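So, here come the structures, one by one.
Paired with subunit B in one complex and with subunit C in the other, subunit A is shared by the two complexes that follow.
Right, the complex of A and B next:
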């Protein structure tokens, strides 16, 4: 049974990869936005800092680094990863629904996990490609020293974060299946994460109530940990407490996703709304 | 002429009726810039504050009012995004529902069809811009001067320029057929290079040249000079002259490009294909 599910998972991943390859503009977009969006914020930071010693000191005191570009590009990379997850695995079930093939998929004897996570590997390739490009840009254009050790530590943090993002995508997929609106929901959710998770700013500038919400969101921890590794050279043991919290949040996210998905599926099957759009 | 004006009126009524059917889209016109770039930008600005004052922005833009700087920019940017996306969606909708050829067969000039959609987009995005502008003052503590009224002629010239851009966008959408990525990136670069999010002074030299070719740069600069008391990039008369020349040029080039593209597609027989 497990072997059959693994084969189905491989087939689902391959299918998604093939679809992705047919739309090469996706890969141009995946190069364009991760470079341009944080670049705009770097220019904005230059406007706010203006090379003024006091302003830059204030920034360093609040963020723990003087590497403004590094700070913004790391935040931007995680934000783009979130976008990839929401537009990819997060919207995959809804896409099947609009194509009219969701009910057929639910009739196959594969685990629901295959349907939920099957498209994720192709989008992970996309995300890793984006991280690589951003890493090269940070190293070459902004002279952020990213050695092999730093890259490995950052990859470990990213690997630990994968379940959190998969859980987030699955939770989103289940909710979209229920409420049937992708575009507006993706924009809203991305906005919420951008405002709360410190993508372009340190979360200490948020009001206390917003900081309390921010620390319950996995992307906040991922951004902070990768910034610590890349910009401050933090070791993995020093990040252990935060990574444990991240692991706990990941597990919580995955359990919530499974429960919400189960509930949405049961309701959709009962009222016959599974294939409606 | 009277018939063309009636056609423009009919397009406006049709587009507003469609907008009323999807009120969430209008709400998103205001919410999207708010949570996607205004609040993150305000918070980034807060990270640079020294004793509650933005000393850096005062040096690069001539004002330390971060909220004022950003919300005037957002109001102007909503016009830019509005014209790009409004015209794109209007034509894409006709193509996707296979009604473009029928609309083209009516005895209305093709330019009128684009002009109608452009005017709807500008009307809707103007309302969104005014709401954002007001929110900046009421909720986010921006301080505007009444001298912003002096920027109204600049705003009018900017609107004329954007009509020219509407024709260019229409030509691109008809030609490319899957224009989302192109329009997304072009509109973003167009708006951002105009100094919506940061002072033009921080742009690299080659991008400054690009910025000075954009009507939004001058329109926004004159509005900020009035509302926030910033120093204009160039003497005011020069900025008006540049804006006037760009507006006339964009309308002429845009109209010519649109008519040429439309004629070519009709000859090829690919007007309604997608």
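Right, the complex of A and C next:
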């Protein structure tokens, strides 16, 4: 049964990937945004404090690096990954619901977890494409030294973060099944994550209560760890405690997503909401 | 196809009830503890039904009668409020996954396909969801595509298919698990007459392969032509059950006469006279014109006396149509309403 479900998971990922690559403009968008979005903040930072040693030292004291562009681009990369995660599986599930194919899939014996997580690998490809673009931008335009070792360490951190983001996306997707709306909720969540996870600023500038919430959010840890690796050359063992916390949060997110999805499915079977949109 | 024992009915429903809450209760109403004005609507109301293995069984009824709700309960998409439903001998509440493994269902329309995938890719995806062993997938899909006459177009995107081809692909998808039981919800809706005719022929062929077919429809001709037995359902209840011939015999008429007459301002006298001659199943009167559906034993005897009756009260019969008894008349006789109302 597990082997059959794993094959179904592969088929779900392949299906999503095939559909995605048949709309190639998606990838053009991904080429454009990773370049532009953090670039705006870099220009803003230059406008506020470029050439001012005092401003730069204050920044370094709070962040541990003088690489303003690197700091902003890493934050931007994770933020965009988060956006892909929030839009992707949720929108995919919602699209399945409006199309009528979600109900058709519920008629098969496949594990519901396949339907919940199946679209995620295709969105991961999208995210890696984005990381590649940002890596090239940082290396060529801002001369941030990203050697092979740094890239591998960053990829390891990203790989450890995948379940957390997968869980986050799936949790959101499960809620979409219940509330049948994507846009408003995605915007709200993106706003919350942007403020609390330190996408464009160090979280030490937040009030203490906000920092307390921030440390419970997986993206905060991912952003901080990748910045440490890429900008400060941190080794993986030095990040181990943080990566452990991240792993715990990942497991929590995935379990919560599965439980919420299970609950939503049960409610849908009672009130007939599965086929309604 | 995994065989069903002939002793085990394909479907067995006992005292089935499905209730939905109608209306809304807003957040503001909840906060204010306003009285809950939502209604409980019984979409399926104490339904009892047994579909034998190997038959084509039709559930016929108007929109909103509870046909689709019943089918969705049997397909394990909905939980019944009370009562019991067994599919292929398995309880829908207790063993839904086993039922899904052995069930082929067409419940949604052509949009339930992935239009940016080819027909073959659509089937490959669902084959994986049905847990089909990898080594069987290619051959099984090729055979189904051949059977559905889709082989030539199997590698085209579904967006380039005609509506009839998409419907065939949907049926192909339902056949992937080689199901002993096929459930089809309004399978010919939206198809042109030729495509609908071909689909009906396919359904008959599938039945001849030993599959049980349970279908819902509101097309009486379809039910009449296809089904071994029919349950006529209205307001969630079965109002009649039997073979098409048995159901038609309940009308107690050999022929049906539809009349249109100019009755001017006469005050129901023509209708009274018609009623004394035969059973007026239905009549409508608009702006001095009356249409009536009359059940009689012999149109040859009834029509001349109907003309005499019209003449006697100053009405003029303008159109007469004599037709055999249909399932529409059965529904009309049982409920006083037409199927399409």
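FYI, the second predicted complex is superposed on the first by the 277 of 277 C-alpha atoms of A that agree within 3 Å, B and C clash if a C-alpha of one lies under 4 Å from a C-alpha of the other, contacts with A are read in each partner's own complex, and residues count from 1 in each chain.
Keep this in mind: contacts are C-beta pairs under 8 Å (C-beta built on N, C-alpha and C of every residue); 3 or more make two chains touch, one makes a residue touch a chain.
Small disclaimer: the values here were computed from a predicted structure and weren't measured.
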Following superposition onto subunit A, is the placement of subunit B relative to subunit C best described as a clash or a fit?
fit
In the overlaid three-chain picture, which partner chain does A:99 touch, first (subunit B) or second (subunit C), both, or neither?
second
Name the contact category of A:143: first (subunit B only), second (subunit C only), both, or neither.
neither
Check the residue A:190 against both partner chains and state whether it touches subunit B (first), subunit C (second), both, or neither.
first
According to the stated criteria, A:263 is in contact with first (subunit B), second (subunit C), both, or neither; which is it?
neither
What is the value, to the nearest 10 degrees, of the angle subtended at the Cα centroid of subunit A by the Cα centroids of subunit B and subunit C?
90
For A:109, select first, second, both or neither according to whether it touches subunit B, subunit C, the two together, or no partner.
second
With the two structures placed on a shared chain A, what shortest C-alpha distance in Å links subunit B and subunit C?
15
So, in the complex, the side of subunit A touching subunit B is made of residues 25, 28-29, 32, 36, 40-41, 43-52, 54-56, 58-59, 62-63, 184, 187-188, 190-192, 194-195, 199-202, 205-206
State the interface residues of subunit C toward subunit A in the complex, per the touch definition above.
20-21, 69, 72, 75-79, 97-98, 100-101, 103, 105, 107-109, 111-114, 116-117, 121, 124-131, 134, 173
What does subunit B use to touch subunit A in their complex?
24, 28, 31-32, 34-36, 39-41, 43-50, 54-57, 59-61, 66, 178, 181, 185, 188-189, 192, 197-199, 201-203
Within the complex, subunit C is touched by subunit A residues 1, 4-5, 7-8, 10-12, 14-15, 18-19, 22-23, 99-101, 103-110, 114, 269-272, 274-275
